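One chain, subunit A, appears in both complexes that follow, with subunit B as partner in the first and subunit C in the second.
Here is the complex of A and B:
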């Protein structure tokens, strides 16, 4: 640890109780704080204030005309209203299915793609470029394209299903409460597996060649080498990838909003689309804010584990 | 244990020949060091024996089987790697057990073998630790243990000591040597450190640029290097090589320097010098076979002191002789200073002569 004032903790010396001199330590490091002050100020304005304002609004009943001076304090009423509503239950279940299924399959598919691209074969470069397309295509454009692919009259997928004899009439993927969420999840997985693939490909590059060779000499077959060497080595990057995917999926908006707007009958509504509808559709900012605060708490919990996974990787790499 | 034979082994990556038609036989129970500078193809050769990379040509025979087309696991070999290559997420016990598990041995038998290997290598107290909780030397023991548990026919080791500090390296050197003697194991040991090769091996295979240069006992390689590369690679300090020219003076043959001095050769050396393809002859001399004089004696040639390095019981001096630098070892009592003019006397029986064109050692017949 460096110290501007030259106070150095000697290794092996008894460590003073940590909390007693927090202020003294801050004071000793006052120059360090000065350096991060500009960044801190910007963060306060663009992050802390909106967060604070959202929390504040969540305790008020807001008028639809946006005259915020007329808002009425209602305490935790907004929260109770949300938590007790039927739609909250449904939307939460949708969000959970959406997040878990998207994350799980995007990761699995990304892992498969990364592993197949890790081996040398003719056309590997082309394959890699092709598999990266979903990642670089704008989500808005992709949503419109998929909407057409799923279309009940003109959709390629429905037509294919008929041709292959899987169905006698074109399937109405997006207008059916049972198929709409899985259909959207497929699009989301298609969009996201590239990201998992990139992360895991980077991770695969760091698997020591010698370890794989050692395992080969020790008699491990390809699957055993993957299970005993490669996969443990990918643990850190896998954790991070899964958490980043979870966070992204929790916050998904573009795909469900553009493709279905949460419909039909709320069957593809997830938290973010719900919040958007409540705020900008029904003009109920107080309730929307309370919703957002709940989401915020969930996100911060995920974020906590994310940071923890990241720093754990650091330790084991340093050790 | 088994004999290992490399027959005309080739490995090329496009135009780069990492291993170029190498043939050698490692006898049953022999400790052979593959030695050479970095990038000369040692690791590639070892990996070919292990079957970790496909061969471009030739055959490998282990025991009575041609193993050229066999997987590493079917060759009955064990390998020790430079960075130990321990499985970081497994305990020492699980690391040692791994090759046995892969061979589907029953649990109690695995336990027996692991405990036995741990005992031999004195790592029983470390069995529950993870590799990152071990020192470099301990990790290296575990790596040896993992090779040992399986009781393979051949041990392959790729620079197993080069990540250790100097003191530990010397200690592990004798431990590996000991381990070889106790087990009567066939060992192929890769190192870039010629001293390791000389001290540990029954035979050393000196490689350069993918070619096998010389394959013989360390003593023979040291005494009769086949070419200038081997001469300058083996021995520390290296053999000094002085480019000169052979001239015939009646019945006598002498070596002359561009500066004008002449060194008359003994009849045996004269015959060698005359066997050179051209008059260009390179004189090689080890530090212990030359004498340094402060004044001219018959048969000595002039030089100038470059550096003097006292090491306690021996003083090493470097002396400019013609266009080369000559290493000399001296008694500590000899007092010389840099830039001092001196005279060098060569031992005719211990000097080496090389063909200046082909760089091969010259023979008398």
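Here is the complex of A and C:
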């Protein structure tokens, strides 16, 4: 294994201070840094400044009768106001359910689809294209279509349920505090599983065929071959897929906003819809910024793990 | 009570509000005194509206030339919500005619006009003003302007500045452009909604097909009767969260029962007391609860519906009655025109059986939201490229003239300039637009939303939340009303 060899080779060498090492590496790669400088500058303007301004704003009160330049410094009051509000607990629980359930089931469905499509069968190409449709359809259009499919009075799904005798009246998907979030999660899973499928299909290409054959020769059944050979090879791509899905779901706005606007009675309100309402419905940019900073911290934590998963082994290879 | 600079009950604010109240009162008096010059609001009725229509000739170019010479050379930027693809054809046609006429009258004013979607205009404006990139002139929905007036973005502007007397505008409309005693705009158009019903459904349900429910209690009864006898929805309730549609439908009911958000339904509101937990509000909320939860006589989807979602069941004969915009009839005719096959016969029958009537009364009053839009001038420092006063005044004069104020409000509203009611175009509207006289007669029952910067939050968020909390069973009616009142008190007290 190259990484082990690398570690042995460096074991006897004098250990240089890490900081000096970093500067030396930057100096040695100065031309590379020059090449990425324009992109870095653009990112500073379009990402770093808005992030800085959001953090700054989170310490101010911005009532609707004052211009932004007249905002009032309130320290951490916005954060306390959020953390102690009744709605925060409810919205956080909704966000956790939304994110975890959407990610888990989208991944599971994507994995199933990827495994099915990995095998040769007639019409595989067509099936692959069909399963990709949810991913390429605009989220806004999909939300409106699903809203009508779910409609509590005239929805197709409710009408079908009545016709098939499954229910004596149309099912109330979106106008019930208990069913609205699961109904939205189903739409989100439908929209996202194709992404997991694509990622995992790419991952499946890296599973060595000879290992699978060898396992088969050794008497392993289909489940054992999947669990002991295929799945370990998918570990890296699965980690990245799950993290990307989680980030996307934490930030998911279109589906809940268009389909319910966070209602009824806040039952489908998640962090991002709450932030939008506070900022643009209530004009409380300070509180909304504080909320966004909390979300940002969560996202950065996920981002850290994402980068770590993505670059796993790179450092040892870079030497 | 907070006493910081944002507190609603600070001394400065109190003085401001007192001045505003006095101004509104004096405006009412002066307006009443000078109505002989234009129309007589004390006689306002369908008959009176018809009697004055077409009695006055106007020359818009001549009127505006007295404000700004027609050869003035300048530049104008303008944002408004105009007709879109979903608008009736006639609205788009009139819009085109207006811009052609403007160009012909003031050929040397270079104009950049942006027609921005209703739901996007406020957000776009807020963002633009932060970057000092606003337009010179702006037309905003009636509730939108006060936020920007209070923040100091708007210039003081009154009808006299562009050649028209304040007396020629509805006192309620003038109240909506007045903040702390100063006037910040000109009402461009005003409308009130009315009550529509399907006479055929009424007949089949054993109700008088030609009479709408007289009271809100009757609405509850009628809705239940229709649902029980025919299995379709009776009243088209709208209770979506974060939606402006909701207060426009619920507040008339709330005011009728004697409720209020602040004290906007009183003759001289001070906006200092909260009425969301009074007995009237609770009675209105209970009526909605009875229809949605107890009787199940309204659409289940009311919690996610805006008025748009009620149009399809109405034209399909699956919904009996609702509060509707003056343009609803034109919209229904449009929908019927697009229907095909068996749907066409149903839609045509609905249009033939469509009736307009006054919104029902409650124990306290008959009420409706006083709606419309206002025109504002943005201060020079917030305008992209600077403010051209003469160009802006010429445009405001032209748009708010009796002629164009009437034409631009053709199907959906009424002229903000009351002199428009006397023009031949008003007569043409009355002759061609069914039920226009009915919707117009609701205007004296109009109550404007509170003229405070917090009004958007109260109406679009707190009121719909209150409804949803009660209708979903998350809270009892009393708890929902108390919770909403508490939120308004915190908000008005300067809470975060």
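Structural remarks
The rule is simple: the second predicted complex is superposed on the first by the 281 of 319 C-alpha atoms of A that agree within 3 Å, B and C clash if a C-alpha of one lies under 4 Å from a C-alpha of the other, contacts with A are read in each partner's own complex, and residues count from 1 in each chain.
To be clear about the criterion, a contact is a pair of C-beta atoms (placed from the backbone, for glycine too) under 8 Å apart; a residue touches a chain by one contact, two chains touch by 3 or more.
Source: prediction; values computed, not measured.
In the superposition on chain A, contact of A:90 is made with neither subunit B nor subunit C.
In the superposition on chain A, A:228 makes contact with subunit B only, while subunit C stays out of contact range.
When the two structures are aligned on the shared chain, A:68 is found in touch with subunit C, with no touch to subunit B.
Looking at the shared chain after the overlay, A:174 reaches subunit C, while subunit B stays out of its contact range.
Between subunit B and subunit C, C touches the greater number of residues of subunit A. On the side of subunit A, the complex with subunit B involves touching residues 208, 210-211, 213-220, 224, 228-229, 232-233, 235, 316, 319.
Residues of subunit C touching subunit A in their complex: 4-6, 123, 126, 130, 147, 150-153, 233, 240-243, 299-304, 312-313, 318, 453-454, 456-457, 460-461, 464-465, 468-469, 471-474, 494, 496. Taken together, the subunit A residues at the contact with subunit C in this complex read 61, 63-68, 72, 74, 77-78, 81, 147, 151-154, 170, 172, 174-177, 259-267, 277, 280-284, 286-287. By the touch rule above, subunit B contacts subunit A in their complex via residues 47, 50, 52, 71-73, 77-79, 81-83, 85, 87-90, 98-99, 102-103, 132, 146, 150.
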